[in-house]
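Note that subunit A is present in both complexes that follow, paired respectively with subunit B and with subunit C.
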Partner chain A sequence: MRKFIADYGVYLALLALLIAATVLTPKLYDVNTIAVVMRQASQLGIVAIGQTMILLVAGLDLSIGGIFLMTSIVVADVTNGRDEMVIPAILIALALGALVGLGNGVLVTKRRVPPFVATLGMLVLVKGATQAYTRGVPGGFVPEVLGLVNQSWFVLSIPLALWLGLNAFFIFVLRRTSYGRKVYAVGSNSEAARLSGISVDAIRISVYVLGSCLAVVSGVVLTGYVGYVDRFIGTGLELDSIAAAIVGGTAFVGGRGGLLGTIAGVLMIQILSTMAILMGLDIQVQFIIKGLVILGAVTLYSLASIEE
Partner chain B sequence: MSEYILEMRNISKSFAGVHALKDVTIRCRPGQVYGLVGENGAGKSTLMKILAGAYLADAGEIIYKGERREQMSAGEIIDSGISIIYQELALVPQLSVAENIFLGREPQRALGILDLKSLHERAAKLTERLGISMDTRTPVSELTVAQRQLVEIAKALSQNADLIVMDEPSAILAGSELDQLFRIIESLVEHGVTIIYISHRLDEVFRIADEVTVLKDGELVDTRPIEQLDRPMLVELMVGRPLDEIFPQTEHEQGDLVLIAENISTDTILENASLELYAGEILGIAGMVGSGRTELARALFGADPLTSGTISLAGAKGDSWNNPAQAIESGLALVPEDRKSHGLFTSLSVRVNLTLPILSRLTRFGILQSQAEDEIVEEAKDRLSIVMASADQEAQYLSGGNQQKVVLAKWLETNPAVVILDEPTRGVDVGAKFEIYKLMRQLNDRGIAIVMISSELPEVIGMSDRILVMNDGRIVGEVPQVEATEAGIIELATMADAVANAS
Partner chain C sequence: MLRKLTLSLFILSLLLGTSIVSIGQDDGMITFEITQEMIDASPYLQSVIPRLNEDYDTSAFAKDPPYRIALAAQGTSNAWSALFDAHAYWYVEELGEEVISELLYGDAQASADIQVPQVEDLLAQEPDALILVPMGAAALSAPVERAMMQGVPVVLCASAVETDNFVTEVGTNLYSIGATLAQWLIDTVGADGNFLMMTGIPGTSTSDIMEEGALAVFETHGIELLDKQPGFWSPAEGKKIMETWLAQHGDEIDGIWSGGAQMVQGMISAYEDAEMAIPPIAGGEMQNGFLRSAIEHGFEFYAWMYPNAMITICIDAAIQILQGEPTPRFIDFVDTMPEARPFTDAEAEDYYRPRWSDDVHGPVTMPDEKLAELGFLVEEE
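For the complex of A and B:
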């Protein structure tokens, strides 16, 4: 029972939600609605991949909101609306993102700052730095080509393809490569990992860097959705990505969980929000529902993890 | 009323279809001490948890004080006079002795204000009854482990317990503390209290028990009066086969020098330790807890950075190292003392645990070769007879002995030249102990040098070729096996001036 809830609980909950939707909000099953849900889920899902891996090494990344803002400003500033500059802009954003991740990782490993504090500090630092750079008035234009992320062909879209592709890649990495094994080992028992010859710090730092880079990718997609530079872009997504991973069964203490659960967690969060909108509920009520789902999931997992 | 205070009749319990207990019956008369023994996983703890109300039996009945016990909460069971003292003590460190004894049942005045005077008076009466002198105002965090255990016993007495279950009380006690515990048990028994005493240490069972019940694989093997038993008979009942308790011996010559440590110190208690290690030998390290044994093991493995001295391989290779990764590369392996926090990945599968140090051998371009991994896992399972449901089972669900085998097996895959074993048989049952000894001899035969740290002197003397004795962070003496006696080692390990003489 314990193992069953831990492995499949989130899928059962997702299924129940989908069944409930047939009665409550049949509009959810409209092709256009599905397409929108999947595009939005993809944007959250990409950053949740990184967050899941960071949680797996018993870490946490709250700096994501800063990376979103930085990404969208870099994209607008470097391209200033020119399509041909998109690739260089993304590369610059990735480099800066990697730097932020490196900072997080070094603080957590070499300076032994708790991840919560280190990444929260980094969030404030990055947001402050980007706003200082733009002097509070973000300039530049988002190139038109990024608007492609809003296009769907049936339910398929570029964000969805990216999400699925990245998931496939990282699921393979976590399950079938020695790097993936080391990620789990470091999160499960870092001292035992060190005594097994694993460079624990290097693994941790690399995961933070990966997480930040995935946040940049997600940030590019989000910038394309929004179409202009918004000072509040991506606010709250760091918490949504953590929620998706936790609801999907990844343990806060590390070493347990994975991306299949996170996919379901992302879908649950996205479908819940969409259903709430379709039912015409206030945004406040949406938050209440989201909160209840997270607390419910965590309660179930902790009940399930009480041995026998 | 019947002659028994407690009868547990035909108790059965299974978890997920696996029998933990099958038709077990025990009977206890008032004022007697019952030894409950069996290997890890035999069902002792499950039986006691059913008694405590933590589990509900699938079948069977409990007759307590002449009445059939209905389903009760844990609190009601305590009120009925049954107290269980678990191995992991359940005290609140910040509270005082008296507050812990009466936790949740503090004497109160009107309006729920604590009656501190009466609290301490009553606590003092209890500690007096146990014959221990202790200020009941002391916070429990300032007590030694042995004293905390006495507080637990006082707590049980304060609940007017007629039946006290002690789960491995001696695992954390040393000589004189143990004597004190036994004196207290004797006085409790004189007052009519019944004791169920669970222990791995058979000597204690012979010393204290009136009757012994042996469980094996969830079934009752036998219950016999202690007079009808001797040690080999009891071991045979527990293991189910005659077990030569003598440590397996092999004939071998001293091999080549493999490792030299010169004057090594770390930031810990360890100071200026030097040793030489030869192929195919077992070098025992004896000493009290806290004498620097574990620190020596960690220093040899590069787990703690050296502040002085050198460690290197002898001969042509001549490697030296300053972190575990390099040590492993040079052919060292460490099976740490604290299995759960330093050795095992409890939330990960047996498979992942087994192959972690040899991933580079099992991968091509970083990608795992499943077939090669399966073969390694299968081979390790057979070689050490690891009992598990499947290789994908999480390590936390294995018994202590099997967990230790997993940690050992993991290191054997690295083909080490030097294996450091820190308390290799702690918390491991008799059968698995013997298998670990046999494995150590096989390693010796392959020319592997072993450093073995152990608190069990018979084990150190029985298995080692040479014994180094540690005291206060230093190596204070070397004893060849033929000359080693327990008394001699204890003297070196505890003598204050041994340290001075050595330096």
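For the complex of A and C:
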């Protein structure tokens, strides 16, 4: 039973939440509300893909908050409002993001720095570098074309399509390719993976680079969403992405979990946030509910793993 | 044209016992009642009101110039604070080395945790006066007490602390600002309107005091808000919440109270995406990005100012103290900087500066060259 709950608990919890919403906040089922929930969930969802993969190799990435800010600044600075410069700006941001991911990966694998410390240090470094570059004043304008991320057609929007597309691609990669199997192998038992000929360090570094690049993609979506360079852009998404993955069943110690669970985790977190606003709950209550959901999920999964 | 927010009327009304606060406009007055219950319920009002008529005897701090002044600032965290610092350095340069020989600077990065030890470090350098932009009312109370005990006079700039043991506070009556924004909304829409309220960061004194003033006025009129949520002074958060509100309440929304212009930018963007007409919004500021959007979308708003240039008044206050002159215990920047007054959408064009970048908060008292050096001026086409 516990195994069943560990495997399917997040989907059952999501279902229970959706049933509760029919009574507590029926407005959640309006097309406009669903579109809002999906668009907002996509911002978290894209970055949660990378975070899940990093957790699968027993890692963690706190530096993505810095990557959001860096992306926003690069997009506004390079384009200065010119639509034709969007692609070069995104490429530059991706290159810088990959560099940050490479730095994280190298620190964790080659220097044996714990992921928490390495990525926290990188967060401070990236934020410091962006502040030094902007002198604390992010400038430039966000190009109008990025405003397309705000358009919805029924419930479909560009961020949602991007989130679903990236999920489909990475679910395929994790389940159907040797690279995916290596990711799980490294997270389950890195020593066994090394003895079976897997380049453990290369897999870990590549996952950190992928995670950072996905944070850049999410940063571009967020920048278009806000339409303004905000110093606090994406604040809290790094922790929410970890929470979404954990709630979705990805183990903190690596090797177990997957993106389908993370999708459910992201939806749970986003639906809870939206329901809290629809119900007019105080922010303190919202934090308490979010905390209880995370703690509940972790307790369930740890009980299940003890049984195993 | 609007006239300045007259805090003096507030004092007068309290002295006369009429308990009516008025904010002057040529085309009408915004008035609201400050009741004894409101004062009893507000530690902020209880702290500010006695200080309104009080001077501090600064003779114990008198010394000859030049002075070494410590500035514990919010630091490199956003455009508001960057311009605050720029005004500080520019003004010290203007005054000359014969007045201020050194400005000792602490960058709190908008964090009380960083600021507390930083103030200790600044005090260890034995400055003649400390200008503090408190990042937390409770956290910074003890360092302020220690500074005063050490014989370093403290000027609070732009925010308050919980202790009364300092020389003076430069700012404005935030309670009145919050209340005025709410009263404007009621006057504009009517007391039977459906209102929403978006506050800043819960727990920060600026946000909490404004909220307190607004809620008191809404309550006086028996208004039940549709909802109240914190937008964390962030356009992204402001937009996320507004999107949900729009999905929930749609065109039932008659007016919105906002604790900052950044969040209004997010609200405008949400309305734009939903292709709905923007209702009256109380809570704009002289922030160029907000003004650009407001002019573009043409909606009714009421704006207030919290000028970063108030640091020049804080520096003047520090000098006044060190010259041993009696110093008012509360200095409202509006009395010294009359241009920092509330205004409405009717004057938006007058306050919008096409050459300023979106993040500039006015009014700016520095010359344009300084703004250009900081990258705040957009190149002319």
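By our rule, the second predicted complex is superposed on the first by the 306 of 308 C-alpha atoms of A that agree within 3 Å, B and C clash if a C-alpha of one lies under 4 Å from a C-alpha of the other, contacts with A are read in each partner's own complex, and residues count from 1 in each chain.
Please note the rule applied: contacts are C-beta pairs under 8 Å (C-beta built on N, C-alpha and C of every residue); 3 or more make two chains touch, one makes a residue touch a chain.
Note that this is a predicted model, so its numbers are computed, not measured.
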Clash or fit, subunit B versus subunit C on superposed subunit A: fit
Larger contact residue set on subunit A - subunit B or subunit C: C
Which of subunit B and subunit C A:Val293 touches, first, second, both or neither: neither
Cα-centre angle that subunit B and subunit C span when viewed from subunit A, reported as a multiple of 10 degrees: 130
Which superposed partner A:Ile198 touches (first subunit B, second subunit C, both, neither): first
First (subunit B), second (subunit C), both or neither touched by A:Asn32: second
Subunit B versus subunit C as contact partner of A:Tyr179, first or second or both or neither: first
Which of subunit B and subunit C A:Gly255 touches, first, second, both or neither: first
First, second, both or neither for A:Leu166, with subunit B first and subunit C second: neither
Nearest-approach distance, in Å, of subunit C Cα atoms to those of subunit B in the combined model: 37
Residues of subunit C touching subunit A in the complex: 75-79, 81-82, 202, 226-230, 232-236, 239-241, 243-248, 262, 265-266, 269, 272-274, 289, 357-359, 374-376
In the complex with subunit A, residue positions of subunit B that touch it: 15, 301, 303, 324-325, 327-329, 334, 336, 341-348, 352, 355-357, 359-360, 362-363, 366-368, 370, 396, 410
Subunit C-facing residues of subunit A, complex: 27, 30, 32-33, 36, 39-40, 131, 135-139, 141, 150-152, 222, 225-235, 274, 277-278, 280, 283-284
List of subunit A residues in touch with subunit B within their complex: 176-179, 181-182, 184-185, 188-189, 191-199, 251, 255-256, 307-308
